[in-house]
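Chain IDs A, B, C, D, E and F follow the sequence of writing; residue 1 opens each chain.
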Amino acid sequence: MKLITAIVKPEQAENVKQALNKIGIRGITMSEVKGYGRQKGHTEFYRGSEYEVAFLPKTKLEIAVSGKTYKKVIDTIQKTARTGKIGDGKIFVTNLVSVVRIRTGEKGDKAI
Amino acid sequence: MKLITAIVKPEQAENVKQALNKIGIRGITMSEVKGYGRQKGHTEFYRGSEYEVAFLPKTKLEIAVSGKTYKKVIDTIQKTARTGKIGDGKIFVTNLVSVVRIRTGEKGDKAI
Amino acid sequence: MKLITAIVKPEQAENVKQALNKIGIRGITMSEVKGYGRQKGHTEFYRGSEYEVAFLPKTKLEIAVSGKTYKKVIDTIQKTARTGKIGDGKIFVTNLVSVVRIRTGEKGDKAI
Amino acid sequence: MRYLLLIISLVLVGLQTTSAFTAETVTLNSGNTAWILTSSVLVLFMTLPGLALFYAGLVRSRNIISTTALCYGIAAVVSIVWFVCGYSFSFSGEGKYFGNFAKLFLDGVTVKSLSGDIPEILFVVFQMTFAIITPALIVGAYVERIRFSSALIISVLWIIIVYAPVAHWVWGGGWLAKMGVMDFAGGLVVHTTAGVSAIVIVLMLGSRKRFPGGIEPPHSPILSTIGAAMLWVGWYGFNGGSALAANGNAAMAVLVTHISASAATVTWMIIDWSRHGKPGIVGMITGSIAGLATVTPASGYIGPMGGLILGVLSGGVCYYSVILIKTKFKIDDSLDVMAVHGVGGMLGTLLAGVLATEAFGGLGLGKVTVGAQTSVQIIGIISVALISLVGTYIICQIVKGLGGLRVSEKEEIAEGLDFGSHGEREYNI
Amino acid sequence: MRYLLLIISLVLVGLQTTSAFTAETVTLNSGNTAWILTSSVLVLFMTLPGLALFYAGLVRSRNIISTTALCYGIAAVVSIVWFVCGYSFSFSGEGKYFGNFAKLFLDGVTVKSLSGDIPEILFVVFQMTFAIITPALIVGAYVERIRFSSALIISVLWIIIVYAPVAHWVWGGGWLAKMGVMDFAGGLVVHTTAGVSAIVIVLMLGSRKRFPGGIEPPHSPILSTIGAAMLWVGWYGFNGGSALAANGNAAMAVLVTHISASAATVTWMIIDWSRHGKPGIVGMITGSIAGLATVTPASGYIGPMGGLILGVLSGGVCYYSVILIKTKFKIDDSLDVMAVHGVGGMLGTLLAGVLATEAFGGLGLGKVTVGAQTSVQIIGIISVALISLVGTYIICQIVKGLGGLRVSEKEEIAEGLDFGSHGEREYNI
Amino acid sequence: MRYLLLIISLVLVGLQTTSAFTAETVTLNSGNTAWILTSSVLVLFMTLPGLALFYAGLVRSRNIISTTALCYGIAAVVSIVWFVCGYSFSFSGEGKYFGNFAKLFLDGVTVKSLSGDIPEILFVVFQMTFAIITPALIVGAYVERIRFSSALIISVLWIIIVYAPVAHWVWGGGWLAKMGVMDFAGGLVVHTTAGVSAIVIVLMLGSRKRFPGGIEPPHSPILSTIGAAMLWVGWYGFNGGSALAANGNAAMAVLVTHISASAATVTWMIIDWSRHGKPGIVGMITGSIAGLATVTPASGYIGPMGGLILGVLSGGVCYYSVILIKTKFKIDDSLDVMAVHGVGGMLGTLLAGVLATEAFGGLGLGKVTVGAQTSVQIIGIISVALISLVGTYIICQIVKGLGGLRVSEKEEIAEGLDFGSHGEREYNI
């Protein structure tokens, strides 16, 4: 099992969710994060003073998937989150040692 | 060492924290996330228009534990976070390559 | 490749970012979390009632790095996030199976 | 000789009466002045920050500064327009259709000029606060996608081309006033103009990109509730101040206003409750505003029972108007300016005559019949709707030519208008 | 001849004086009317949005819409009740214990009716704003667990069964008024009734599930501070308007109100500071409200030194009352309605007679002795507390029978009342 | 005989007229009283919650409670100081430089005392609201680092050492008043004193630790906008109320105030737009406040054209003053009290004479020449700046001796003043 963590542009999150839904993914955990990268931040001005804002709003999606489907999931995210402009984000994949469904205590692939 | 990530219902978080405390866990990192899964979201109505809210508020707990204790921790979380209703959440376990305590620079189990 | 997750004091985050920048790190994902640990929470009083606040605000930094640089990154974080007082936080390191840059579809070290 | 004496005495009495009348009209009444000063404060408060908050809470969080800045910026530029020419075009001279140029830059309006028994300069201020809120109401139609500069230009032109003529017709002694149209505090001048113009702008500007499917729910019902409460409270000055005196008429206007708002709040709440199983606060406050807008034209003529009737009617009619316009016609009048203000204002104008009769506890219509009065009310509604439609259409065409109405798609969808148009972000927590 | 002239002129002067005098008592005073119009605005503003925000900031974030909707909904329904029967039951007729049915639906109250030298309809409005805020104050006792519909029904019944009789006793010419009880702006009518009824409702409704251990701290002290500031400002109209005139009495009431609020703020702050090492804003604003509630009954009778004394006393007494009720007695009067309003109102009523004496810089008690007056004050407190207790108990029993008082445990603990009862969420950022 | 009668009657008429006139000056005018009561409400509202919100939105989120508590706490303690001695020191007696001790604790100020044709006690209240807002304005200079207790002590001393003397000089019949200085509503008394003292405190206190590089942007532009709107609305009472009557003078003051605010808003917006490509809301509201502060001293003397000129000038001059002080001189007057209020107040005071001339549509200077008047204005500015500078310097030295001015570095940088000084946190969502 893999844990896929995708950092995407907030306005693309809904797209990604729908696409994942279509390929049968039923569980996602989402959170608001701030990202710093190649995409330049911006400068804000208040009362004549400059404020550099390095971190831009991004959305983080975490999805636990079985070993079989994870490539397809990565692929789907990459395609639907993409706008082609700098700052589109990253996908990170880590190994999951174990997954538990709290309600039932089920473990492993069944718990996903 | 393992990193245990639990997605639980917000109102259960306090319970879980106390239970973990009892079994000697002294460190937890918590954050607010939104979850999408088998548990249906809901529909809100404003001025006669429908708004589907797919993502529900969840609480994410991250706990680094030593290889020995992690089963007990998973068990405790599963039991105390459980309400038996759909949407109770998941526990994900990943391997930790290394842990560092910033204050002292200690590494490994001692750093947890 | 490694995913480095650092939990630091919010007021140290800017320092850490700048130090990482100097050693060539160009990407960071940041989020606000709450931490519970050896550092005592505090008690608040409102209208004569006590409220225990166990969780303190922390900042979480996630940084994907190549296998080569990760030790230096950990080192830099540990040094710049450190105030020497309890509650300075932790660094967790996990293995990354794969990294994808959404914009280009590049994989692996190039995607970081 | 006797006839002569009689005539002379009659003339004298006449003169005396006249002079008495004149005397009464030429002395300043400090109590009335105090109340109209206060009412001006209240009506300004309705826009800043009332309306701004009401609207800002209903949009998504990336457009909150933009929505607020629109209300704020319009208030500032319209105030200057009012001083330069708006007042003169609305209230100077005896013209049938337009004011004149005599009071440009408030020429001749001194500290001592009176309007009735209050300072004319105070009448200028009080009316200015109405001229401010009317284009600000329209903001609700075009939020989350309009260019800031375009909205400012539209508002300036709109005051001159739509608002000033209508204010002159109805309140400045123009043709509708001469026909005896009843519009105590702005059912026509404020709400009908705003509602109709809102629809015109939306049709020329287009919907928000994700409308109707992808619109987010109001990001802060509480912010909107604060705004709505301020509007409600301020409306005491809006309607009560329109008596231009601190007397029973003002007090009655305040009471009927409050009763209508309360009844509409409860009505909207009940409909929501029965349709969706829960009474939401956004519905309750929308009901209040519907009730307030609807009672506005009638507020100085009716009794509390009339207020109750208008409240209940407005709660129902405006509720279904929202659905009709947004869900059925798919017109993205984003915060329902037409359905709440336009429809409400027209409804209240239509029924003002009927409910002013003694049968409904109103103050009576004098010698005019209900039918005759209602005909005049209908003429008022149609003519005001027409000038709003045509005037706003022309204005939009002009501004479209000047550089377009909308922000870029990227700004609308991705970064939001707060950063895109104003370079700022709310919630830097 | 000269005598004749003198006599005639004296008679004329006499007539003039008389007529002038008569005129003065039956003629509308526009200045007073202006101030009471303004005061009505201010007292409504205290509830909408003042009190709603004050309370909303003190609950946890999942119940903010619920708390606000309670205040808002109660304001709407109570307004209608007031128009239908509340005013008549409170202020019509000469009954010792109750008003009568003569002014149901404000029958006979026309634009021209006067009450003193202001329009009667304005008196209706001003008193309505008091009737609105009183049951809204009680909201603080039962937030975070009550059923919305039950709270509305309780409030409607409460106005009829508790508020109207007490208003009649004290302000409507009833038995307490005849005994000469001193309650300038509502220490008995507003604060004692609200405080005592709060406790009764809490005892019948039960505590919040997690009380006392698991209660979250106020989720937004700033929201509460905005509300408290609005309450403070609005109280100028609450107490100052109760003079029913714009005169020295109103101004003095405003001053003593302000001084009491300031002194109570500082007192509460100092106690917090010395007990916990830090002065919190929640404590400061709670102190202000305590000072304002406490000075209310006395505000038209005392001088600034009396205000200072009441302020300091209320800061201390209400502080320890909170601890007594919440911490010692474990009664979950959630936002301390009894400790702050009830105790404050009773304290001020008790001391009104003493502090009204010239010794404390008050306006004097005329021929009544301090002892006699204080006895009357005590009779007032006891009788008003009693009817509040009994009346509210009966009401709760009725509403319990109608379908229960509380929301489900799941709603209370898990989803919160915002979504559970209203289907909405705040903070969709 | 006929002549005798004639003479007698003439004398009688004369007497009557005289007595009528005298009567007029000694009788309370309820309309004026109503307006000054309302104005007092408005000016208090400017501080609570207006100014508190305006400032709270501009700081970082960890200092929002601290900033609000400073405004709130200062309001409370200064009110008590005003009652104890502030009023007496400012407005009692005929002294050239100071008031006297005659009205300590408002001794002798009864419900019946008049000040002009309004109750003296009302004048006390109205002036109190000015005494409250002035030290609260200074809060903007020292937020995010000052010790709460030090700020309270500074404010108390400041009212006695700086504010009371200046109020006496300018409004209490002191030497500047006798020279004929024009300061209608506080360009000198409020804004110049606040601005100069702000700079002095900052220089003695030091900058925020991360200034200028690491300062966060305003955490909530909307909160500040709500505050600014409240300030704008309240300023109707600030300047309009300073006429101490509900008349044409008050109305004109309101109009010019509004025009200046609007013009300054637009000016600041345009400068921001052209410099940074986008018009931010923080800039717009700052412009409004600059325009309001600047027109204050002139508001009762000028016409709307004068208001427009002052608005445009203030928008530009204050804009560049901010940059000069913050960016060039690196003085951490954190929320620009000097640049906006100080510079604005001085600018308006300087130009009051010129713009009051008929040439600019003002009410005229009578027999004084523009040059003479402007000299007096300059003397006023210099002397008021001087006492503010010296007085505040002494106060800071005293308070420094009492235990220091700043919070610990840890509190300032790490935990924030909300928790550090008040033990509370905002946004417990």
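We adopt the following convention: a contact is a pair of C-beta atoms (placed from the backbone, for glycine too) under 8 Å apart; a residue touches a chain by one contact, two chains touch by 3 or more.
Everything quoted here is computed from the prediction, not taken from an experiment.
Listed by label, the chains that touch subunit C and also subunit F are A, E. Path length between subunit A and subunit D in the chain contact graph, taken as the least number of steps between touching chains: 1. If you average the CA atoms of subunit B and of subunit C, the two centres end up 18 Å from each other. Taking the mean of the C-alpha atoms as each chain's centre, subunit B and subunit D sit 52 Å apart. Chain centres here are Cα averages; for subunit E and subunit F they lie 32 Å apart.
Counting partner chains per residue, subunit B shows two or more touched chains at residues 31, 44-46, 53, 94-95. Multi-chain contact residues of subunit F (touching two or more other chains): 29-32, 34-35, 38, 216-218, 246, 276, 278, 280, 282, 423-425, 427.
Interchain contacts (touch definition given at top) occur between A-B, A-C, A-D, A-F, B-C, B-D, B-E, C-E, C-F, D-E, D-F, E-F.
By the touch rule above, subunit B contacts subunit C in their complex via residues 3, 17, 26-31, 62, 64, 94-103, 105, 111-112. For subunit F in complex with subunit A, the touching residues are 212, 215-218, 272, 275-276, 278, 280, 282-283, 286, 319, 322-323, 326-327, 336. Within the complex, the subunit E residues that touch subunit D are 28-35, 37-38, 40-41, 44-45, 48-49, 52-53, 56, 64-65, 68-69, 72-73, 75-77, 79-80, 83, 105-106, 110-113, 118-119, 121-122, 124-125, 128, 148, 223, 246, 421-429. Residues of subunit F touching subunit C in their complex: 214, 413-414, 419, 423-425.
Partner subunit D is touched in their complex by these residues of subunit A: 9, 11, 14, 42, 44-46, 53.
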